[in-house]
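Labels for the chains are A, B, C and D, by order of writing; each one numbers its residues from 1.
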Amino acid sequence: MSVFIDGSTLSSLLYSHSNSAGNQEGLLLGQVIDHVKDHISDSQINNSQVQTCMYVSSHIPWPNEDRVYSRGGVPIMEKLAALLGDSHRKEEVVGWYSFRRNSTLRMSMKERTLHKHLETRFCPHKPDHFLFFMCADTVSAECTTHSMDHFFVTVAKASGGVKKISMTVSNLGDTLHTQYKTLANMSVTNSSAVKSILRKFQSQFVSQSEQMAEVKRIDDLSSTLNNDLMKLCKQVAESEHKAGELEMEVEGMREELAKREDKRREAERRIMEAE
Amino acid sequence: MSVFIDGSTLSSLLYSHSNSAGNQEGLLLGQVIDHVKDHISDSQINNSQVQTCMYVSSHIPWPNEDRVYSRGGVPIMEKLAALLGDSHRKEEVVGWYSFRRNSTLRMSMKERTLHKHLETRFCPHKPDHFLFFMCADTVSAECTTHSMDHFFVTVAKASGGVKKISMTVSNLGDTLHTQYKTLANMSVTNSSAVKSILRKFQSQFVSQSEQMAEVKRIDDLSSTLNNDLMKLCKQVAESEHKAGELEMEVEGMREELAKREDKRREAERRIMEAE
Amino acid sequence: MPASCVQLESDAYLVCLTHALSTEREEVMGLLIGEVDVNRVVHISAVIVLRRSDKQPDRVEISPEQLSDASTKAERLAQELKRPMRVIGWYHSHPHITVWPSHVDVRTQAMYQMMDDNFVGLIFSVFNEDKNTKQSRIQVTCFQAVQGGYGGSEHERYEVPLKITPSSAIGWECLEALVELPGILKQEEEEAYQNASVSVPEEDLISRIHNSAVYTKSLCHVMEVLSGPLMTMLENRLEINRIRHQHLLRQKQQLQKRLTETT
Amino acid sequence: MPASCVQLESDAYLVCLTHALSTEREEVMGLLIGEVDVNRVVHISAVIVLRRSDKQPDRVEISPEQLSDASTKAERLAQELKRPMRVIGWYHSHPHITVWPSHVDVRTQAMYQMMDDNFVGLIFSVFNEDKNTKQSRIQVTCFQAVQGGYGGSEHERYEVPLKITPSSAIGWECLEALVELPGILKQEEEEAYQNASVSVPEEDLISRIHNSAVYTKSLCHVMEVLSGPLMTMLENRLEINRIRHQHLLRQKQQLQKRLTETT
């Protein structure tokens, strides 16, 4: 079993934690794919192996002010359902996560209870396939270096044993452009027959503006995708702004209530003293 | 300076030797390309380097029965011109070669003389760029293993010093098909926006028969090239057959002449005895 | 006088980290935009992702052109926000290696400090998985350069306190920087393709097809590894904000009710 | 009884060597077609280049299907030439390594000899350049397997005398085998492409474009490294034959003249 996660998905997850004051928890969304790998052994016996890949593609943070589980670690299903209910997602719930600050990287009893309940709710047929992502944020003595230590685990249904799962962060790898041809192809320029064939096929591969047609096509696809990213970016900026303003408004109301509470207490204190 | 030669060119050269009874010599054809390699050093000083690449793409064997040079190693220019004269080649004469059997891999005095003359004729402006390909064919004691030891050299005009040149045999390298995608792309199947864009571009990349259009195009080009190879193959087979038959005819005539010579000698001997 | 402390806004942290996690085979880099207050606290609120002009996996260097472009961007941002924004630092990644700056890093930092003694450096250590424990670690450190002890000529690392501060929203500049990443990589690929193609003769169709296939494969890779996941991430962000907004509205109503009651 | 000697026609040698020099990263292999005379001399005159059914760089193995196909080809050739042709041996390459057969090679050879005790093995050692002397070496050796000394179970190498015999022409079968090489590689690539594409969903256009670019790049590579050079080689062969024919005609005329004179 392996976990695969894109770099931008992982950084979004870690940002979610950095952006909250306290600890952070939430659901992990993605897909589970079983790959059948046919392995032809030396004795030529077909020995099929099933390799399970867990793709984590999104996350949903739980609100800090409104807990989705009881004090003992029992989830409140209607609250979880509300988080997922309106979603038009293609992704499944593949696990959950927990961020803590300056704390141990060990699963607590409450976390075990919560895991068991979530697993039963979201992954009843394959209990050993439900993920828990644990991440601890520690700061050095002088606050100069921040560390995020993290890993994925599953919990065995029978034994309750915690098993760590290998994690791969998908990324670009090598981008050093070493595969391009920079020299003329001697065997092409030497053979008159080859040159004749290539001249015939020129129009199938090269556009009228002397550009390679497939390059034009992939450029168009890539540009369209990047343009749509920019449009989506604007939508997100708006929704960030709207939610941000509402948060500040709510924060203002809390402060107002707190002030009133202080005044009320002060007033009561004066009355008490006066009596 | 480096020498580049295709695998099929090299094997054709070695076949030419294997197919002759005695030693073999001939001209090497190809191209000389000077590549300017801009090397940005650590001090950010643009330090241009010229790298000379010698591409050997063909060869022309010299007839064994009709020498193209004198006993002392002076080439007979009209015979060399006749070998090249009718050719509609784009290739230049970039060097010459010599195969020997069970002999040393050292350039003889005659070979040095011949090299100097050929160099002056074919490569007057860049004497140090004219190649000599030396190859020795040795057989093990029990004739079970054949070895072809070979290298390229140039001869310095001033000093006469022989310099070996590094040789690269162009080949396919890795053909293990490791770059193909075999798994679904999660980021594509998860995003509705991405899926929508891809649906729009489907027709630009995929043909009506659900085949990738570029695959169809490259298949057509490749098949056309392979078909032309087969046609050329038939032409070569015919020319091989024609030349082969003529060679056997000539061989038959030699034998006939030899027989007549023997009979003549025998007759003369009888006459001498009779007298 | 060195910076006393650095406050890195969490959305700027998101951009740096996303960039750092984009490739494990090369060091990536960028510039940091922000302000310095009277207490010499450096406030970083935006990021400029930089192209790799000279591709050497273990070297990062900012060209004068890149610095000039970045200053222009910072000035534009300052006008938009009506705040004194400027290029105030740089960041780069250390894939598979320690978070601590190398001698080259410290020397580079010292050079930037000659122009601006509040200029700071951030290093993101990424792609560090312990194969035995299957535990991964991502680190970020903040540093400047100081003169070596006892008047030495060699510069030494000086660690600067770093705080990653929460914000109520991911700002436009940070969102824009994120979605510019695939575009930057596309430009790099275009340049590589064009540089290679210049020396291929027009008649050599096979090499031209080969190069266009290399280009196609590279762009597919960028779309698959970066554009696609960013799309998914932004769509998820919309969903998170929808949930958050819904939740905040409920809270607002409750608070409104309580405020009415206490009037 | 093992073979007494092997005579390899030079045009068959050309095919084997061209195949062996086609890649330095993998061992390639094929089958040898020929006859055995009453003195147990093996005469090899044609070659069947084989596809690599299971791509493991350091292993070569002939499948039952490949052997069956080759036998069919040999039978067809026998009918065409009116000679008792059959599959009489195998060859494979040793890029960058010694010409001597490995234990696996000897065991494989022993297995084939169970079917036919005249079956021989050829090994072509290629891509061996001494970086210091810049001298290259290409070798070919001929071997069979014999029972180990003192009744041992392990098989040992038995070296067979090999002669590469000149021929007056490159035969059609050998020319055909040469030009089949690019086609074989194209088939291998098609299979790899189709196997990979089976598991990519139709909607995943990016992965489909990626795979088609990989396929395109591979075919360009085959065309550049194999098809193109073979084309040049054959065109050169036509030129060599033109010169040779011209030269032979001149000789024929001279000989004709002398024959007339001596009549």
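Assorted remarks:
Here, a residue touches a chain if its C-beta (ideal position, glycine included) is under 8 Å from a C-beta of that chain, and two chains touch if they have at least 3 such contacts.
These figures come from a predicted structure and were not determined experimentally.
Simply put, of A-C and B-C, more C-beta pairs touch at A-C. Separating the CA-averaged centres of chain B and chain D is a span of 19 Å.
Once the centre of each chain is set as its mean CA position, chain B and chain C turn out to be 53 Å apart. Chain centres here are Cα means. That of chain C falls 56 Å from that of chain D.
Residue positions of chain C touching 2 or more other chains, listed in rising order: 205-207, 209-210, 213-214, 216-217, 220-221, 223-225, 227-229, 231-232, 235.
Of all residues in chain B, those that touch two or more other chains are 6, 57-58, 179, 183-185, 187-190, 192-194, 198, 201, 205, 214, 218, 221, 225, 228, 232.
With chains as nodes and touching pairs as edges, the resulting graph is complete, every pair of chains being joined.
Taken in their complex, chain C has these residues touching chain B: 54, 205, 209, 217, 224-225, 227-229, 231-232, 235. Contacts from chain A toward chain D in the complex involve residues 40, 179, 185, 187-188, 190-194, 218, 221. Across the interface of their complex, chain A is touched by residues 4, 6, 30-31, 33, 35, 53, 55, 57-58, 88, 90-91, 183-184, 186-187, 189-190, 192-194, 197-198, 200-201, 204-205, 214, 217, 220-221, 224-225, 228, 232 of chain B.
Residues 10-11, 13-14, 17-18, 20-26, 55, 57, 99, 127, 129, 133-143, 159-164, 166-172, 175-176, 178-179, 182-183, 185-186, 188-189, 192-193, 195-197, 199-216, 218-223, 225-245, 247-249, 251-252, 255-256, 258-259, 262 of chain C touch chain A in their complex. Residues of chain D that touch chain C in their complex: 206-207, 209-210, 213-214, 216-217, 220-221, 223-224, 228.
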